[in-house]
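To keep things simple, chains are lettered A, B, C and D as they appear, and every chain counts its residues starting from 1.
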Amino acid sequence: MAETKYQTAGLKVWRKAKEIREKYYKDYAGAHDGRALRWGGGAWSFDAVPQALEGEIYPLTEEPYGASIGANPVFQVRCQEAAEGKGYARDLCAYMRGYWGSIIRDQYAFGGKWPKPDFIFQNHICCSHAKWLQVASELEGGIPYFCFDVGAGPYNKIGERQINYVVEQLYDGIEFLEKTTGRKIVDEKLIQNVYNTYISNSLWSKSCELNQNIPAPLDEKSMYSLYVLGTLQKSSKEVADFYKELYEETKERVANKIAAVGNEQCRIIGDSQPPWAFLRVLRYMEKYGVVSLGSLYTFSLIGWWRIDGKGNLVPYKTLEEQGIKIKDRDHALRLLTEGELKGKLMWAPFYGASLKNELVTKIASQWKIDAAMIHVNRGCEGTAQHQMEMKLALAKAGFPVMTYEGNMADEREFDEARTLRLMDLFLTETMGLKKLEW
Amino acid sequence: MIAAGIDIGGKVAKAVIVEDGKVLGKAWNLTGINKAEAAERVYNEALRKAGLQRKDVERVVATGSGAKRVTFAQGTIADAAAAARGINRLYPNVRTVIDVGAEEGRAIKVSPEGRVLDFAINEKCAAGTGTFVEAMARALEVPIEEIGKLSLSSTQTIAMNAQCAVFGESEVVSLIHTKTPKPDIARAVHDAIAGRIGSVARIVGLEKDIALVGGVAKNIGFADSLKKDLKLDVLIPDEPEFVGALGTAAAAAAGVLEEEVRAKVLEKEKYAEGK
Amino acid sequence: MDPIERFKEVYEKRHEYAKDWKVKTGRKVVAYFCTYVPEEILYAAGVLPVRILGGHEPPHLAAPHMFDMWCPFSRDCLSQGLQGKYNYADGVMIAQSCLHPRQAFGAWQIHIPHEWDYFLCMPNAVRSPRAKPFLRGELAEFKKSVEEWLGKAITDKDLDQAIEVYNTNRYLMKQVYELRKLDNPPITGAEAMTMVVTSQLMDKREHNELLQQLVKELPNRKLDRETGIRLMIVGSEDDDHTFLEMVEKLNSTFVIEDHCTGSRYFWNEVISEKDRLQAIANRYCDRVPCPSKDWGPDDPSRLRFPHILNLAKEYKVQGAIVIQQKFCDPHEIDIPSLREFLEKNGIPTHFLEFEVTVPVGQFRIRVEAFLEQIRAEELFV
Amino acid sequence: MAETAIAKEFWRWPESRWTNPGMNWKEGKTITAGVDVGSVSSQAVVMVDGELYCYSNTRTGSDSPDSAWKAMNMALEETGIDVEDIHYCIGTGYGRVNVPMAQRTITEIACHARGANFMYGPSVRTVLDMGGQDCKAIRCDDRGKVLKFMMNDKCAAGTGRGIEVFADLIGVPIQDIGPRSLQVEKEPPMVSSTCVVFAKSEVVGLLEAGVPENEIMAAYCSAMAHRIVELLNRLGIEKDFAITGGIAKNIGVVSRMEKELGIKTLEPKIDTQIAGGIGAALFAKALIEKGKA
């Protein structure tokens, strides 16, 4: 390999991320060996609350689990076909079909039989969330189910009324949790979980913010394996500590000009989830010195952000930084809700194309991008919202944009050879780049 | 400098030999199964017509779905890049190229220098390709070269949703059964494809001038439907199917090559650790 | 004029109707997506709410704004707007429901000229006790926005009148539906659909007058056609006249349906309450739900299913055609369970996926075969 | 340019006719007929008192009435029966609305279920009919009455038409594809796309890569089999299982389907393509007997 422009190095925290993830899926499956409970939910379902129940609770969040299935082409197609065999349409959320297929086939993506959750505690934001586990419960012959609505409005319109709507539902949820599990919600646990949630979300955003530096310390392909912990259990101490560690390491990389891509010469952003079974297409771009810095999706799927006085996108502050001490249960629930509703910009596109366009163009200029390569994702409507409008907005702002169609977790809808062909065309012709490595 | 462009399409192979932008010879024949052979044949014929021998040609570049089979080419360029350069030679004012071949329909935004600024491709579906027209012609039992003329005599428009080629056929068959005049069915077929291709073109934006190239551009019925769909005039070169080969020859002359590394890279990274 | 003829005329010339209405009244029109929009409030402000529907033609203009995964109905709606068909609309709005029309609305806000637009945050958890107070708050903000736009206050009196007009419309359409229970319904499914769809396009006062006349005349209306098999049609948005007429030519009649372009639109009335906005909020939370809202909070079952079965029984349905717009997730998620549920209860079903245009050949064979399945005995000795 | 593309028409399967040697129609009471005008093939079947007397199997042209007449005339050849002698005739199949000699139409779904019941006996509960442009999975009772059916959606992957295009592409007579697809040591991975157009580029790719023809046919057949199994799974398959229509003749697809389903299909005794015509002719008889003719 030729001399590279910048020095590169693998991430030290990488191994730890791997370990936490593996342990997470093992713990869930093994929960019943001890007195622990299994709860089924989603990456966004306020895990701080159910995790505050007495004793041990192990979650399985649906989207990351669907992604794990998606990363395994063989198992994935079996699951998709099992769901289709039951009459479920092929164009439904690919994670959801994989998850259902895993139930129908009674197979766990990490080995053994499907570990049925003891109860469902879930939030609803896209068309699928509440319905996903509605069907799951049906397929399982009934699982105690609670689902709350977080579709209360865009981040810039969140006031007391919106927060009350969600907090009141959370109180109902607590009643449900205590009734179904026969365990109590422990306020000390809840409060600690909320502190942790703030740390996980805010420090992830801070690490992403550091990608504004040239060279970028992180590349999106690695970021995927890092943010995933936040989608598993952001309220746990283990995960919060991980993000502290990641932030320190990222700062260190910036200080020493350690680049994610040694030959960084073209900075791009993407959008939506990638086709998990084909992450090598992101590595392929690196042959051209292209670094993918992230996306609204990667930054804010778990990261919390706010718009500062200058209209810039900046990380949400931790409670410590805001000098806030959580007083009691109510205070904890309100702070948790406020953070999710105001800070999770990933939800903004649900309320309009203009909101997404505004945020994406901010990212484009603050992260100093040269172009965008958008994965037009047939597998997830939630993240694929307004993707074409986003293309128009970026083009209007003067950025070349390439789109490639695919599916995050249904390999039958992704044509790798064709995608690489389009990338070559875009990078050589439109961007005028040459391959730097063979 | 003498340079050659070889365009191995899904259905037809073309070759063009140029010297300083002047065409010395060109040829086409059906691609068939063996694309390498087709490339040899079409290149030799072009050489014969130009009265040249291989050693006289300094650079050869290939394009099209069979580009990699052109063993004697020094490199390849993408179809869209070829179309952009080709049209730039013929009509420098063209900013949008619509290129419809046997297996793919695409739209390209072209810079004044003939570079690709933006592009959109008819996503995996036969509707919007030459193959679709052929299937419909067969269902209508009219020769492919007559379906265009036939549709021009149509008196009514029928909304037809171009999707799967074979279901297109069954829609055509049921129209025949309901005694719909063939010209109207032919028109419906062309409108359907034109609609699809028109959408692809709108994605890159309809900046004038607009040109239509590729084998299907010779189908006057399709061209007519497309103009109606876009509500804009469309330039069509005399031999639209040669534009890609011409652009490839131009690229060869200019020394643009896309290094052949993808295969290697892929090989190296196949089954590389997932996420 | 014969009400049904008038409905057909407005259905065909919907945009002319709205333009004439503006000239006649000098008032404003709001084009809206989704029947969760609380029309009463717009109507109280003197505005004509017009539902945005497709043109049943391939939605080519939508391509740069919505890629193929989004439902063809929503893309068709946007394509109509981009063609300028709704340029008479002074405002455009949507109520939060599924994601597909939101794509169209988002693009509409950016690319189609209008004075005023609004995203009404209709709660998803309509079955949660927290939804009604939340929606009441949303309606208050919405009302304020309309008032500011029009520069005039919406009084309780205005609201009462609007609620009155809307409830009357609902009541009268239900009267008409009562007659569809007869052995030989005096109105076809296609005609009933035209009636409901036009009520989403017309000034309800005018629509009510036609309905009053219709309720009077229908009992004596004789159709020279056989009723044949009594069908029900259930599923996504459906104003597909071509399809209903095709089916009803095959010796069958649609006697009831569950669509947001049918019974689901008008089945529930506003139950009056001192707090008018709360009364309206309650109606939209309690109405027969769209599948996207038919869940929870602590009960995974679907309230819509028993309602549909009930309709099937009351209307003596022999078979149900279950349809969905291509890519319509909320329905796609419910359909396998719904079909199982209906068939367990003795109602055969057949499933069809709708696009903006009807592939007549393909659908005809499926429907004919389904009808033969229902009346199979007559082919056996 | 394209017109010379297809040198030889490998899809063109042989047309045929047959008369029951052991029967004399003049002795029969009711003579009924079924004419099945499909998008690819047309059959005329004549039955005497519910017994199969004669039939034809021909290729459909773009004009249904002509195709119907062609099939009928071919069936009646040398039998001495005149169309007027037929008491009741039912049209079925894609072109059923344009069968001039038919007094009534019934869909091929009902007719194939009934025909399969006649051909394979009353134990048949699931019938697969692979037509030219669609594929139907039917559940029926012991009388061949349809209980439930499902048709493939808006993609023609794995239809008769699809395999015809494939035959042309690979240049192998259509009736040889099945047998040859079985002459492989080990099953190659199925072609990922059975779309008529995209399978084409995929198959061309394989041919270029020097993959033996037999293996490509195997890859295509298993892809088709897989698509059909997906449809049958959605319907819910129940034994006995029988196949009608042209595809039943493709051993390459059928054997792979049986393997994936773990269910054997019943052995056909008669040409499976005439199942629809038989069903129609039997319904004609039933209608006469019920005085509904």
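Definition applied: contacts are C-beta pairs under 8 Å (C-beta built on N, C-alpha and C of every residue); 3 or more make two chains touch, one makes a residue touch a chain.
The model shown is predicted, which means the values in this text are computed figures rather than measured ones.
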item	value
Pair sharing more residue contacts (C-beta pairs) when A-D is set against C-D	C-D
Intercentroid distance (Cα basis), subunit D paired with subunit A, Å	50
Separation of mean Cα positions, subunit D and subunit C [Å, integer]	42
Centre-of-Cα separation between subunit C and subunit B, whole angstrom	44
Interchain centroid distance [CA atoms averaged], subunit A/subunit C, Å	36
Touching two or more other chains - residue numbers and ranges from subunit C	63-64, 355, 359, 361-362
Subunit D, residues touching no fewer than two other chains	94, 134, 154
Numbers and ranges of subunit A residues touching at least 2 other chains	87, 388, 405
Graph class of chain-chain contacts, one of line, ring, star, complete, other	complete
Subunit B residues touching subunit A - in the complex, by the definition given at the top	78, 80-81, 84, 115-121, 123-124, 203, 258-259, 261-262, 264-266, 269-270, 272, 274-275
Subunit D - residues contacting subunit A, complex	192, 230, 233-234
Of subunit C, residues touching subunit A in the complex	63-67, 69-70, 96, 98-100, 102-103, 105-107, 109-110, 119, 121, 123-125, 128-131, 133-134, 137, 291-292, 295-300, 302, 324, 326-327, 329-330, 332-337, 339
Residues of subunit D that touch subunit C when the two form their complex	94, 106-110, 114, 134, 143, 145-149, 151, 153-154, 283, 286-287, 289-290, 292
Sites on subunit A touched by subunit B in the complex	67, 71-72, 221, 224-225, 228, 276-277, 279-280, 283-284, 287, 388, 395, 400-401, 403, 405, 415, 420-422, 424-426, 428-430, 432, 434-435, 438
